Amino acid sequence: MEETRYRRGLETARKLDEENAARLDEALKGIAPDLYRYIVEFAFGDILSRPGLPVATREIVTLSALSAMGTAQPQLRVHLNAALNVGVPRAQIVEVFMQIAVYAGIPAALNALYLAKEVFAERDAKGLS
Amino acid sequence: MEETRYRRGLETARKLDEENAARLDEALKGIAPDLYRYIVEFAFGDILSRPGLPVATREIVTLSALSAMGTAQPQLRVHLNAALNVGVPRAQIVEVFMQIAVYAGIPAALNALYLAKEVFAERDAKGLS
Amino acid sequence: MEETRYRRGLETARKLDEENAARLDEALKGIAPDLYRYIVEFAFGDILSRPGLPVATREIVTLSALSAMGTAQPQLRVHLNAALNVGVPRAQIVEVFMQIAVYAGIPAALNALYLAKEVFAERDAKGLS
Amino acid sequence: MEETRYRRGLETARKLDEENAARLDEALKGIAPDLYRYIVEFAFGDILSRPGLPVATREIVTLSALSAMGTAQPQLRVHLNAALNVGVPRAQIVEVFMQIAVYAGIPAALNALYLAKEVFAERDAKGLS
Amino acid sequence: MEETRYRRGLETARKLDEENAARLDEALKGIAPDLYRYIVEFAFGDILSRPGLPVATREIVTLSALSAMGTAQPQLRVHLNAALNVGVPRAQIVEVFMQIAVYAGIPAALNALYLAKEVFAERDAKGLS
Amino acid sequence: MEETRYRRGLETARKLDEENAARLDEALKGIAPDLYRYIVEFAFGDILSRPGLPVATREIVTLSALSAMGTAQPQLRVHLNAALNVGVPRAQIVEVFMQIAVYAGIPAALNALYLAKEVFAERDAKGLS
């Protein structure tokens, strides 16, 4: 059953961003390999694989939370890519961050938008949506 | 045109939660009436009225941001009601808050869920969705 | 194996604070029962049961994090009891919170200490350490 | 010289809010008396007694910081009184909190204004400015 | 009247930091041009142009809020320049950030001061106050 | 007696990380030299020198608080070195940050672990524990 959670989590992680799933594994390998497993099992396997919300909506939830917190720019970058990979349109991402200005202040919105601009340009260069 | 923003904002505010719009007006009347106007014009009229995201998705953005921040319980209560008023199912709200555990920690998720439980009970008592 | 994680988590949760484990179950039952299971499995079963840190040190980590964040007073209360239940002396808890003043500011320290004072008094009334 | 810091700090603390200085002493007496001394010496004696900013401006700094953080409502209440005691006009406090909406979001501004409204009413009842 | 808000906002934005106003326009042009307009209208036109606080005090409010939050270094840099442009003396800015140590912790104060040191050096190189 | 606090603070600061104590002095010299003195006296002399907690535990408190806050990466780097200098094993630091995932979210844990990985590599290169 653990096996199931891990496999389901890995599948979800790869669907969101295959490259990032590998990068996270690599980054944690030398320092906290168990945490990599917990993240795959709990975050991706338990929570993000739940059927109660469409995966695109889940990415909007994550973008909203991370941009409002303002303390997780590397993870915001990951989920900008994930959101685009699962079909959230760029224009919707921009709407989300504009709305964050109301609840977390204009700097939070701007910092998220500056990062989005970078990610959009990187993806343009790779021919991605 | 100001007039337009104000009217559009008020319409959006009332669609989200008529009672709360009146309560906010009342609360700010004696202390910062101009802020009430700015909130109607900017938050509701400029941002929340934009067509780029369905209103239900906008409420999910707000619930995500406020629960992750953990510093705005009164506004989280308001938007729990607003989300339900515009048709976000209770089960989806619970999914949003469960997902917040991954990004902002389990206490943030729990405190949002405890509040949701209260709001759901209040609405049950009034026969609301 | 899931069974193992759940049982190990429940054991750890009960060792920290039996009453609170039951209260959490009760609180989430009607709204997000799966989250209760994830918390037992991931937070208590995966992380807090790891042998790499003494349980008393783990409670000091939690008290430090929650008091610095300042957004999780209900959970800070739970872990004040848990810390005392597993043998962290009251005087050490007070030292932790005084130190938080340096890193998160004096208000963060004061609000944690005020809560500690309440919890200490409640436990005095019950004849607990 | 310690004596000097303590005396200078106490003088500043009392000038800001005599009642609150006594209440803080009382609150910390049974739990962290040394912290009371450090707060008087460091916060009030070292920092808030420095001549580089007028005391009214210092209170505006504190109100701005605490309202933006949103995790220190008890201390925000104390400094609302202190600000008024040292002559910051109510209208200026309202301006400060309205401005916080831009940088920390509208909920942060609203929660500070709701508290200000309470404090203003309490002071009206006592015939204070 | 919209026209008035926009023009008033632009005038205020330029008085604070002409270069930054242009940079913000440029940065948002390709991604969220409407947000640029809202920021000019709401932040600069509605709030920062209000007569209730001297512009130098408004910059002190902003520096206090942003340094306490610790999540908006790019905006803190902008407002360090704005504060100096409207006549806040460097020594007062240093006092503000030292005071932040009391309320948001010593790291918040240090990170703001390190940034101030950079901005002061950049302005020295340009012969600015 | 001030002299005592300053000397005691400097001794503690040097025991934690001699190089960093010098760097902090250097960094603040040109901008806020009094803050350097207050930090030595209050943070290091008053709080971190108190006998109520072992110095290794104090570093665990600091690592927990700073990683949970997520707004003080430069200071987290300093205290990673300090913790290792006073004998906290690398494996325990990793445990602390993994536990932070539960209370402040997975991004907070990851960002602290990425920094730890850097610091561990820097120390490997210098032959330090």
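A, B, C, D, E and F are the chain letters, set down in written order, and residue numbers restart from 1 in every chain.
In the analysis below, a residue touches a chain if its C-beta (ideal position, glycine included) is under 8 Å from a C-beta of that chain, and two chains touch if they have at least 3 such contacts.
Everything numeric here is computed off the predicted structure, so don't read it as measured data.
Fewest steps needed to get from chain B to chain D, stepping only to touching chains, is 1. Residues touching across the chain A-chain D interface largely coincide between the two copies, over half of the numbers being common to both. A repeat of the B-D interface exists among A-B, C-D or A-C; more than half of the contact pairs are identical by residue number at C-D.
The rotation relating chain C to chain D, fitted on Cα atoms, amounts to 120°, rounded to the nearest 5.
Chain centres here are means of the Cα atoms, and by that rule the chain farthest away from chain E is C.
Note: centroid distance chain B to chain E, computed from Cα atoms, is 29 Å. Between the Cα centres of chain C and chain F there is a gap of 24 Å. Rounded to a whole number, the gap between the C-alpha centres of chain B and chain F is 40 angstrom. Between the Cα centres of chain E and chain F there is a gap of 30 Å.
Contact with two or more other chains is made by residues 34, 38, 42-43, 47, 50, 66, 69, 71-72, 75, 94, 98, 101-108 of chain B.
Chain contacts in this assembly form a complete graph, since each chain touches every other chain.
Interface residues of chain E, counted against chain A in their complex, comprise 24, 27-28, 30-32, 34-35, 38-39, 43, 66, 69, 71-72, 74-75.
Listed in rising order, the residues of chain B touching chain F in the complex are 101-108. Residues 1-3, 5, 34, 38, 41-42, 46-47, 50 of chain A touch chain C in their complex. Contact residues of chain E toward chain F in the complex are 69-71, 94, 97-98, 101, 105-111, 113-114, 116-117, 120. On chain E, the positions that touch chain D within their shared complex are 42-43, 47-48, 50, 52-53, 57-58, 60-62, 64-69, 72, 75, 91-92, 94-96, 98-104.
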